[in-house]
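Same chain, two partners: chain A is paired with chain B first, then with chain C.
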Partner chain A sequence: MKRRLILLVPLLGFLVLSIFLYRGLSLDPAQRDSALLARDFPAFEASTLEDPERRVDRSLLEGQVTLVNVWGEWCPTCKQEMPQLLDLAERGIRLVGIDYKDTREQGLEFLEEFGNPFEVNIFDPEGELGFELGVYGAPETFLVDRDGIIRYHHTGYITPQDVREVILPEVQKWQ
Partner chain B sequence: MAVMRFLALGLALLLGGGLAWAGAIETREFDDPVLEQRYHSLTASLRCPLCQNQAIDDSDAPVSADMRERVYRLLLDGRADIEILNHMTERFGDYVLYNPRLEGRTYLLWGLPVALLGVGGLLVVLVVRARRNASAQRLSAAERERLDALINRERSQ
Partner chain C sequence: MLIQMIPEIGHFALILALLMALVQALMPLAGAATRRPLWMAYARPMAAGQFGFVLLAFLCLSASYLLDDFSVANVANNSNSLLPWYYKVSAVWGNHEGSMLLWILMLAGWSFAVACFSRDLPEAMLARVLGIMGLISIGFLAFILITSNPFERLLPNVPGDGADLNPLLQDFGLIIHPPTLYMGYVGFSVVFAFAIAALLGGRLDAAWTRWARPWTNIAWAFLTVGIALGSWWAYYELGWGGWWFWDPVENASLLPWLAGTALIHSLAVTEKRGAFKSWTVLLAISTFSLSLLGTFLVRSGVLTSVHAFANDPSRGFFILMLLGVTVGLSLLVFALRAPRVSHAVGFNWLSRDALLLINNILLIIMTVTVLLGTVYPLLLDALGMGKISVGPPYFNALFVPLTVVLCLFMGLGPVSRWKRMATGELWRRLALAGLAALVIGILAPLLYGGEWNLWVSLGLVSALWLVLPILRDLYDKSRKTGLRRLSLAYWGMVLGHLGVAVTIVGVAVVSNYSVERNVRLAPGDSVQVAGYEFAMTDLQARRGPNFLADTATFEVRREGATRSFTMAPEKRLYLARGMPMTQVALRPGLFRDLYVAMGEDLEDGSWAIRIQYKPFVRWLWLGGLLMAAGGVLAVADRRYRRRRATAPAGKEALA
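So, the complex of A and B:
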C-alpha cells in the first residue's frame, strides 16, 4: 500500500504546478515594483514646458512631497486621468508633470484643453528623463518624498478609487 | 495537391509577415563585427518592459527602440556587456532580463530543475534496485531446486 502511494507523487507535483500556473493567469504583469523604489530621483537637467528659458534639475523635487506624473499629448489614458490629478492638486498636493515625447505646442495644447494640475512641467521631448525613470508607457506616476527619494510608483491609469485608496494614503505616509 | 497549395500559401504568408515585421526595426551599421554580434545577443536577451514576451530586438514598442538605441550607444562607448545589462536593470528592473541572475531569491528558480533531475535519478535507481531484489527473492527453495535440475539436465546432454 505504501509503495502505491509513491505513484501519487507525480500527480501531486502536477497539482502544485497547476496552482502556480492558475494564479499566473490572474496576475497583471504591469503591476511590478519599479527598480527605482527607495532610490534617489535620477539627476536631470531640462527646460520647462511653459518656459524654454527656465532650467530645472532634481533640486526641484526636494523640500516637499511631490507627485511626478509622466504624460504626453499622444496618450489617451493621460486625458482620462486629468480629472483625478486636478482633484489631487485641489487637495493641496504638489504635482509636477513630465511632458514625455511631445512637441512644445502639443504639450501646451493638452494642458489648455484638459486642465493643468501641475506646478510646473519638465519638458522631455526625447524621453531621456523617462528612460532614467524606467518609464515604458504613459501615464506613470511617482511619489517623491521631501528628500527627493522615490517612495511609490503607479503604472497606468489612476482611477478615482485609486486616488482615495492608494494615492492619498501613500502621500500621507510620506508627508 | 490541395495540401501542397495550402502549405505553399501558409509559407508565403509566414515569410511575408516576417518581412513586414522586420521593417519596423531599424538596422544599424557596425564597423566591428564583434560589436555587431554583441549588439544582437544583448538585444535578444533583453525583454521589452511593455510587451509581455518579446525581446527588444523583435519588438516595435517605442520603449524597445529607446533601449536598442541605448545599447548601441553604450557599446560604441566601450562598455562591457554586464555594465549594459546593469544599466537596464537599474532602470527597468530584473523583469527585462531573459536570463534571471543567480542570487538569493532566484536559487529556487535555478535550483529546482537540478533538484528534480536528482530526485528523478534517485527514484530510477531505487526502483531498479527494488525490482532486482524482488525478482531474486521470489524463487522459493523448491523452485531453485527445480531450476538447478533443469540446468544440470541441459549440461549433461
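So, the complex of A and C:
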C-alpha cells in the first residue's frame, strides 16, 4: 500500500503545477511597470500648445492608436529623442505631445528648432495631467489604443533600437 | 469553382479527420479491453484515414497561401502577394493556427508510421498504442476546430492584400526549424502511447521497451536537430550574435530534450537488464507531458518571451484542459497500474546499471532546474509575491556545474560493464585517458588565449573526458575483435557522446573568447577586430522583392594575408509592415565566424556597425547534428531489422 502511495507523487506534483498554470492564464506578465496599463487614459481638459483657444479632452485620443509623448523644452534628453519621434511620425504613426511644465513660448520654440512630429500638443504648464499619468520626468511615452486605453508605457528616452524592437511591435500589436 | 472552395474542403477534411480519430481511439481501445479482434482491426485503417484527411487539410491551407486567397483570415494576416513562394509555404506554420495544424499533421503522421512499421506487434498492443494516439489527436483536432480554425473567412470584405509574414520569420531557418522541432515534440507521443499501452495491458515486461526504443531515438534526434536549428536561427537572424537566451520558449524545447535523453538511457537499461521498469514508464509519460507543457507555455502566453505569439486566454484554457486530462489521466494510470513490487535486479555500485541510474538522476535534476526557472516567475506572480524574471545568471549558475558532474559520470559509462566490474579494470581503462584530458584541458587555454581560463579548462577537460576513454575503448576493441564486429548501436552511442563533447567545446570557447566591437564607420573607414581588418568600401540602397535595403560592403582581410573577401550586411525595411530588419553578413568557418551587422544610420553618412569574432561557434550545432546522427544510427542496428524479418510476434514478447 505504501508503495502505491509513492506512485501517486508524480500525479500530485502535476496537479499542484496545473493550479499555478491555471492562475497564470488570468495574469498578464507584461503588467510589470505601470499601474495604468490596461486602464483608460485619465480624463483631462486642457488647451493646446499651438492654439490657446482650442480645448481638448480624452476624446482626442480615441479612434486611432496614438503615442502620447511627455516632453519639455527644459529636458535635454527630449531633444535627443526627437529624431526617433520624427521617424515614427514618418511611418504614419499618430503622435500627440504633452508639453509638460513649460511656458508656451519655450515650447513653441522647441518645436521650431527640433521639428514637430506631433499632430497636436496638450499644454500642461502645471503638470496636472502629468501627475494623473504618474509621470516621473520627461521624456515618457504612452501607447494608447483606439479605445483610449493605455497599452504600453515607456520611461525615458526612446532609442532607435527601441523604435525597432519595442515601439513598432507594440503599435502593430494594438493597431 | 473548386478552387474557391479550397478552404471549405480543408475545413471539412479536418472535421472528417476528427471523426476518424474518434473511431481510431474508441474502437481499438474497447476491442483490446474486451478481446475483440474485429474492433481492434479498426486501428490501422483509421490511423491511415486520419493522416490522409489531416494532410488534405494542410495542403488546402498551403494552397490558399500559394494562391493568395486573402479571403482566408489566416492568409490575410500572415502573407502578402509580394512574398516569395517558398515563404508563402512556410508562412503556413508561421502563425498560431497553422502551426497547430502542423502539430496535428505530425501526430497523425507518427500514428500512420506506427501503423505501417509495426507489422510484428501483437494486435492488442498495436490497438492500444494507436488508440491512445487517437485520443491525443481528438484533443488537438477539437482544439483547432473549436478555438483556432485556420480556414476562417473574411467575408464579404476581402482585403486587397495581406499584412505580410513577420520579417523575422522570412528566413530559411524558419522554413525548417518548426517542422523539425514538432517532429521531435510529437514523436515522443509514440513512446508515451507504448508506455500507457503496456500499463493498460498489464504486461510491463521488457518487450514494450524494445518496440519503443527506435521510435524514441528518432523523435529525440529530430528534437535535437530542431533545437540546434532554433539556436542557429537566433544567432544569425536576430542580429546580436547570441545563440541561447534561456527564453521560456527555448526552455520549453529543452525540457523534453533533457527528459528524453534520460528516457533513451533508461529504456536501454530496461531492455537489457529488466531494471528500472516503473521509472522508465514514468520517464516516457514525463517526456511527452513536457512536450505538451511546452506547447501550452508557448501557445497560451502565460510567460513573457522574445517569441511574441498571439495570446488568447480561451485557447490557453483549452490547452491547459488538454494538458490536464492527458497528463493527469496517464499519471493516474501509472499510479494504479505500475508494478507493485519492482523486480529486484542486483547490480553493483560500480557498474553500467548504476552509472545509468546516476545519469538519469542528474538529467532529471537538470530538467527540474530548468522547469523551476521557467515557471518560477509564474509561481510568484500567482502567489501575489510580485513580478520577477529569472535570467541567464540563474540557469548558468546551476546548469553549468550540473553538466560538468554529468560529464564526469558520462565518461565512465561507455567503458563500464553491466552488473558489476572490478575497480582495477576500470582504473586501467581510464587512468591514462583521464590524465591526458586533465593536462590538455588545463594547458590549452594557456596556449590559445595566453592566460588561463577556468571555464574553458573545465569545458575542455569535460569534453576530453567524454572522448578519450571511448577512443581508448575503440582501440582495445579494434585489436581484440576488429571494428567491423561492433554493432551500429554501439557506433550510435559513440557518435552521440562525441556530439555532446563537441557542443561542450563550442559552448566553452565561444562564451569566453568571443570579441565584439561596436564602431562608427563610413565608406572609406576601416577597423581592426581580432586580427582581421574590416574596410567599408561601399554603401548602397537597393530594392528587394518586398523590402528596401541599405547594403554596406566590407573588404575583410586577415592581418598579414594578401587575399581579402567581401562581406555585405544589410538593413532592410519590409514594406508591408514597415518593419526594419538587420540582415547579418556572416563568414562562417569551422574554427571561427566573422559576424557583421548594421546598427543605426548616424545621419552624417556613417553607420553604427557591430562586428563580432565568434570562435568555435559552429561546434555548438555540429555537436547537435552528431548527437542526432548517433540516435538515427542506433535505430539502424541489425537487432531491430532482424526482429522484423524472422521472429514471430508472439514469441518475441516472451523472449
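In this text, the second predicted complex is superposed on the first by the 143 of 175 C-alpha atoms of A that agree within 3 Å, B and C clash if a C-alpha of one lies under 4 Å from a C-alpha of the other, contacts with A are read in each partner's own complex, and residues count from 1 in each chain.
As a convention for this text, a residue touches a chain if its C-beta (ideal position, glycine included) is under 8 Å from a C-beta of that chain, and two chains touch if they have at least 3 such contacts.
Because the structure is a prediction, the values reported are computed rather than measured.
**Q** Please indicate which partner A:Lys101 is in contact with in the superposed arrangement: first for chain B, second for chain C, both, or neither.
**A** first
**Q** Quick check for you: in the superposed arrangement, does A:Arg164 touch first (chain B), second (chain C), both or neither?
**A** second
**Q** Can A:Glu132 be said to touch chain B (first), chain C (second), both, or neither?
**A** In the superposition, A:Glu132 touches chain B alone.
**Q** Does chain C touch more residues of chain A than chain B does, or is it the other way round?
**A** Ranking chain B and chain C by residues of chain A touched puts C first.
**Q** Taking the two structures together, which residues of chain A meet both chain B and chain C?
**A** Residues 29, 32 of chain A touch both chain B and chain C.
**Q** Enumerate the contact residues on chain C facing chain A in the complex.
**A** 278, 282, 285-286, 289, 296, 300-304, 308, 313, 316-317, 320, 323-324, 327-328, 331-332, 334-335, 338, 340-341, 375, 377-379, 381-382, 387, 577-580, 599-600, 603
**Q** Would you mind writing out the residues of chain A in touch with chain B in their complex?
**A** 29, 32-36, 101, 127, 131-137
**Q** Would you mind writing out the residues of chain A in touch with chain C in their complex?
**A** 3-4, 7-8, 10-11, 14-15, 17-18, 20-27, 29-32, 83, 91-92, 160-161, 164, 168-169, 172-173
**Q** Provide the residue numbers of chain B that touch chain A in the complex, in ascending order.
**A** Contacts found on chain B: 48-50, 52, 61-63, 66, 70, 89-95.
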